[in-house]
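Shared between the two complexes below is chain A, which pairs with chain B and chain C, respectively.
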Partner chain A sequence: MSYLLPHLNNGWEVDQAILDEEEKLVIIRFGHDWDPQCMQMDEILYKSAEKIKKFAVVYLVDITKVPDFNTMYELYDPVTVMFFYRNKHMMIDLGTGNNNKINWAMNDKQEFIDIVEIIYRGARKGKGLVVAPKDYSTKYKY
Partner chain B sequence: MIDKDFMQDLEEEEEQQIIEVKQQIEDEPTCSLLKDNKFLLHYQRVLEVSAYQIQDETIDASHEEYHLILRSNEYSTIIDQEILNIHKQLKDVYHKKFPELEKIIINPIEYVKIVRLIRNAIDLQSIDFSSLLSGQQVVAVNIAAKQSLVGQLSEEDISLVDQLCHKIETLDNYNQKIICYIESRMKYIAPNVSALIGTQLASKLMAAAGGIEKLANMPAGNIQVMGSVKKNMLGMSRAMHNRNTGYFGTLEIVQKASGKLQNQIVRMLATNVAKAARVDNMKTCPKGNVGEDLRIKMMKRYQKIQEPPPAKLEKPLPIPDENKKRRRGGKRFRKQKERLAMTEVRKYANRLKFGLEAEDEIKDTGIGLGMLSQGIGKVKLHIKKDKPIGLSKKLQQRLAQTKTQSGGGTGGLTSSIAFTPTQGIELINPEPGYLSKVPDQYFNRESGFRTVLRKEREFGRQY
Partner chain C sequence: MFQRQKDSGNQPTNYVPGRGRGAVGFITRSDIGPAKVDIGIEQDDDQNDYNDAKYDEWNGYSIPLFNMGDYDDEDREADLTYNSVDRKMEERRLKRMPNNLPEKPSIVNQFSDLKRELAKVGIDEWLSIPDIGDYSIKKKKQDKITPVPDSVIMSAQLSEKNLQTKAHDLNEIGEARGALLSLKLDKISDNVSGQSVVDKRGYLTSLASLPHLSENEIGDFKKARLLLKSVIQTDPKNSFGWIAAARIEELDGKLPAARSILAQGLQQAEDQEDIWIELSRLETPEKAKLILNKAIQTLPHSVKIWLNAVNKEQETQAKIKLLKRALEFIPNSVDIWKELVSLSSEQEALVLLYKAVECIPKNLSLWLALAKLETYENAKAILNRARQNLPQEPTIWINAAKLEESAGKDKQTIAIVLSKGIKILKKNQVKIVKEDWLQEAEIAEKCSNINTCYAIIKAITLEEDKQSDNSWKQDFTQFEQRGSLHTARAIIAVEAERQNNFEIWKEYIEFERRHKDEDTKYFDQALELAVSNLPQIEQFWIELILRKQELQQNYLEVFEKSPKSENILLTLSKLEKQQGNYEKAYQYLQYIQDNLIPSDKTWVKMFKLMLLMNKQIEQAEKILKQYPQSDKLWILCGQAKINQKDYQGARQIFEEAIKTLNNSLNVWLTYIKMECQQQLYTRARPLIDRAREKNPKSSQLWAQAIRLEIDAKNHKAAQFLLSKALQCCQLDGELWSLAIELEPKTTRKKKSADAVTLCVDNPFVYLSTAKVFLNEGKIEKAKRWLEKALILEPRLGDAWAYLYLIEKEILQQCISRRPKYGRLWKQAKETLNQKYDIEKILIEASKLAQKDIAKLE
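So, the complex of A and B:
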């Protein structure tokens, strides 16, 4: 599915993508196309991209091709999804402890759409941090 | 070729006589068409003309064969009726021998054939029905025979049966020939209908209807079911039995179609045939163009029906938070808002006068009397409505009633039970107008049997 979503090939493109979008939420997945977790996340992204295209846009970034953001955003996980609205990074309280990103592969399209909607609503109101509808703290099954 | 004068002479006579013949058949069931001279003459003529090909393009009133065709149509219906009559007689006679047969085999022609085979036999095992009947029917006949094939018919009965069978067979023969003739001429009688469904089916329809005029006057729904065979299903499952397709069921298009599609195509055909028949009746299009057009349109529509439905569109979700809450007005919403509105009392209870402390307060909650105990400045807080807000009209009315009854001052201290000196406790119905009507009782003096009352009045109280 990653071949169906647009890729950003260098840092300038990533910056432009985040700056240009004034009305929609910008969703960027950092990872590798060949990684299985990325593939799963890409599938969810693709399926929901059609539905949320009125208020969100999805981009894919390969972190070996574009290493500029690795230290800035601490991209050390196989897959990382981050949200930006009008050049501002949006934080989400997922219960995992890390509010900046989603760093695991989701498996439910509807869950993802719910999260995106909540972020969009919060972003429109000017909030910097939104609370996700579902708690992912037990994601790690110890 | 036939003499034109000869034809013209008989035209007027024939019309009269056809009506007579019809009348006769209706009045006397045993009258036979076979003895009728006019009919036999007509039949001879039909046989002769069948050999010839028509050279003109159309047949209209001036053509030689026009009336012949019309008469043939009428005779065809008369023959059908005759056959039915004779069949009824045959059934009555053969009923003594094999009563169940008439229920299994409904078609008169088939019935006659079977009767010919069985005649007076007691045992059916030696007779082979498979050439005439379907497997189901053979089984049904054999089983029914075991149960109901009673003794023998008398000599007279047998000869009567033979006669009737013979009559039906010859009538059927004539009918077939006449139908053949009509079919060959169908293109000229009803060009549009023939262009639409073919000459064979068109002639069948016209024969069944009894003429092009009658066919034109039929509603399309009737045309659709014309010719539906009355099959007897004798304990067979009706699950796979399609709804009556009638004459239209013989068409190739209809047979190829499946299920719901079959019904649709038959319906389309029937409506178009109705249209074409009307055009033919009025003779406005002798070449059959209308029929052709209808056929083309119908096939186009039929193609369109068979297409799959358009693919499902997945709509993207609307932008969240875009819908502004439209506040609605009106009495209903005003009432709803009233229930939750801030009242004067609560407003003042929430406030405090400047400089004074709150005196009474529920422990630490801050809920207290506020201004109400500190003095408002007004003598009385204005309560806007005395109607209780949360109640429906009915409840309000009931409340109002109880208020007016007790009359305010009594409160809950009096009851509606009144003590009268004569009867003790008397319950008064609070509804007004209770005692004004004479009560409608069963055993009222005034009510009773009308006839008895009348007699009472006449003869005094003797009853």
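So, the complex of A and C:
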């Protein structure tokens, strides 16, 4: 479903996308369109994009085409989803130990929407770290 | 779908993404990649650690001091030079190492120098190297020793017997034993003969048995010969030594040697009859005769030799001759007399026996043999004479009793003879032991002297103390179990006569009933005796009447003799009724009414009879008032009203009955049935409800209710009632059989299987299963189920009716079983107004059964 979501083709565009958004949460998926796990995540993203469009926007970034953030954000997983609000990197406690991002493909649309909503609420209140509604520590192994 | 709305121009040159917007990265996991971020802050050029600890006086700081300059050509040249020097030095070092060893030297390499030495070792030295032996645990476990089974040893012995290896061992054992014996024997021979301590005879028998022990001891013959020789030397007058020696020779197959030993023995001990006989045994028949002749001449008084000589003779005449000669020498030998008598004809035997009795008056068997051969009168005289000679012998008396019996005397007189005998025996100080006499009685029974058997028991019982009451019972059961029926019978008969009470007579009759199959005569006898001894007990009279009826004899004679009690009269009337003589039966009942005070039982019978005869019951109300607690009477009255089609009257009677009896299931059932028969289901249903209220657990009521619904073609209600009923009475066969019949055809078989497993051995369930099979046309299977049901309940009329549908031959069998139960059976009875004509009822019931099967469809 990646073709239905907007892609960002260079570092500038990524930065601008994050900077330009005044009111909404910016959700960026780093990965490859051809990666099966990415595909799974893109499916979820596409499905939820319509529902969360009032408070969040979704972009996709190819980490081979745009390698600028790989070191900075440790983009070594097949799929990584990160959240930004008013140029602030939003952190989220998923119980996995890595609060910076979601680095696995989710399989439930509603779960994702819930996470986004919680992050948005926290961001509005000026928080930098929010706690996810569900603990993913046992489900995903590292 | 989603497009970026804003585009803030193109990317400026030298733009660093991320940093351009002021983003800072993070380091979470340094292990997966360089997460170092160049944040662009200017750092001090000299970041090196100039710690004192790292200072070396010669080298200075370990950190290269001049690494800030560019790497130029000069440096490269210097590096190359240094590297080449290093390489050279390395080569030199390697050369100095002894013949460049491989990294992991193999064992072969390690010991190669030692191996070279082995070339010098010679063959002798090689051979003298000791084996190392295997001390590992594994090997040891395998070497565990298990004992060889005995069977293997035995078979090995058998196969190797000829090889003498085992025999050799046994020989050694035998020799050891022999040595011991000879030691003892020598000691004995040192002693003066006759004063020895050793028991010579026992010792010899043990020796005699020695050669027989096994074939392996053939080797012992020599030893045995030696031993026997010494025995003979110590006591030459003893025949045992000689015979044993001869036997050993015989065993060894040396007959001439054996004979010569015996001949020697005869020279030494002429008077030993055993040696003579032994010799004759070993000789050929002709020579044997000669030898025995000689023996007779030397020992004319030896019975043994005479008898042996007789045995050697072939012809009877020669034998008789020889025996007679023998008697000249020995007139008082019982054996010779007996032999002679058994050989001669009857006439001669008689004469001979008379003589024998004169010669040996104290021998019982001769007397008895004589008595047996003589006529009755003479035998009596002979037994009397025998008695005088042998006053303490009870056998004579028993023989006398047998004699009396053979003369046709009845058992009472024999008993008198015997009791006289017992008295006389007592006078002669003979102890009378009851057990012995009972034994005698049993023997007499075995010889089919039944009267004697009875007489013995009678005599001995009369002789006994009257007090010992229960000992007879023990004897009685014991003899019955042993199958000595006559003895047992005699015991109980005598006892019954003596004690004359109800229990013992009853037991007597029961005993006879048990053994009726063997001889019915005694059963009749017992009954007659019981009646004559205890005429006041009506039970015996009834038994007798039934028995007479069974034998199709005239029982009226019995009736004449019997006390005219109610029960006897009822039995008689029942018998008449069964034969269809209703008038006569009625007369008997009338007789009770006229002469005795009739109980409700009589009235029930009376009413039933009247119903059968279609007579009006006039006194019903009066009698009901007299016996208000008899539900049968109420039902019969109701039935009478139904027969007259006076249903209103019947209802009144039933209602009244329910009121007075409070709760009688039979009345309820009859009442409900009446309403059902008239198809007044609306009346019947509340009745059932009322009845069930009082008898909530009654399966009969449930079944009746279900049948009602079936008859009313109200299938749903029937199913509903059935499920309720099965909840209430889970294990009732009748309800289950209804359940099977109500089930639709497809699931019926499964239901019947359920029912059979739940209600184990219930004839109703089996009957329904049979019905299911009949409906499907599986006649063989149906027959099997019906037979099963009949084994469980042979009086189930319905099963007979169904069986009659399949097979007409069962009629006789059915009549003999006198069926009684079953719904269809009862219905058939009622429609026919018949009670005892089983054939008609069976046919009617089978018609109903046919309809019933058709209903199942």
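Some observations on this one:
The rule is simple: the second predicted complex is superposed on the first by the 140 of 142 C-alpha atoms of A that agree within 3 Å, B and C clash if a C-alpha of one lies under 4 Å from a C-alpha of the other, contacts with A are read in each partner's own complex, and residues count from 1 in each chain.
Following the convention adopted for this analysis, a residue touches a chain if its C-beta (ideal position, glycine included) is under 8 Å from a C-beta of that chain, and two chains touch if they have at least 3 such contacts.
Just so you know, these numbers come straight off a predicted model, no measurement behind them.
When both complexes are overlaid on chain A, the residue A:123 reaches neither chain B nor chain C.
Once chain A of one complex is fitted onto chain A of the other, the partner contacts of A:100 are limited to chain C, with no touch recorded for chain B.
Residue contacts after overlaying the shared chain place A:92 against neither chain B nor chain C.
Of the two partner chains placed around the shared chain by superposition, chain B is the only one that A:113 touches, whereas chain C remains out of contact.
Of the two partner chains placed around the shared chain by superposition, neither chain B nor chain C is touched by A:79.
Once the two complexes are overlaid on the shared chain, A:28 sits clear of chain B and of chain C alike. Shared-chain residue A:54: touches chain B; no touch with chain C.
Ranked by how many residues of chain A each touches, chain B and chain C are led by C. Within the complex, the chain A residues that touch chain B are 50-55, 113, 117, 120-121, 124. By the touch rule above, chain A contacts chain C in their complex via residues 4-6, 8, 10-20, 49, 57-59, 66, 68-69, 71-74, 76, 87, 89, 97-98, 100. Considering their complex, residues 314, 316-321 of chain B touch chain A.
Residues 1-4, 6-8, 10-12, 15-18, 20-23, 25-29, 32-37 of chain C are the ones that touch chain A when the two sit in their complex.
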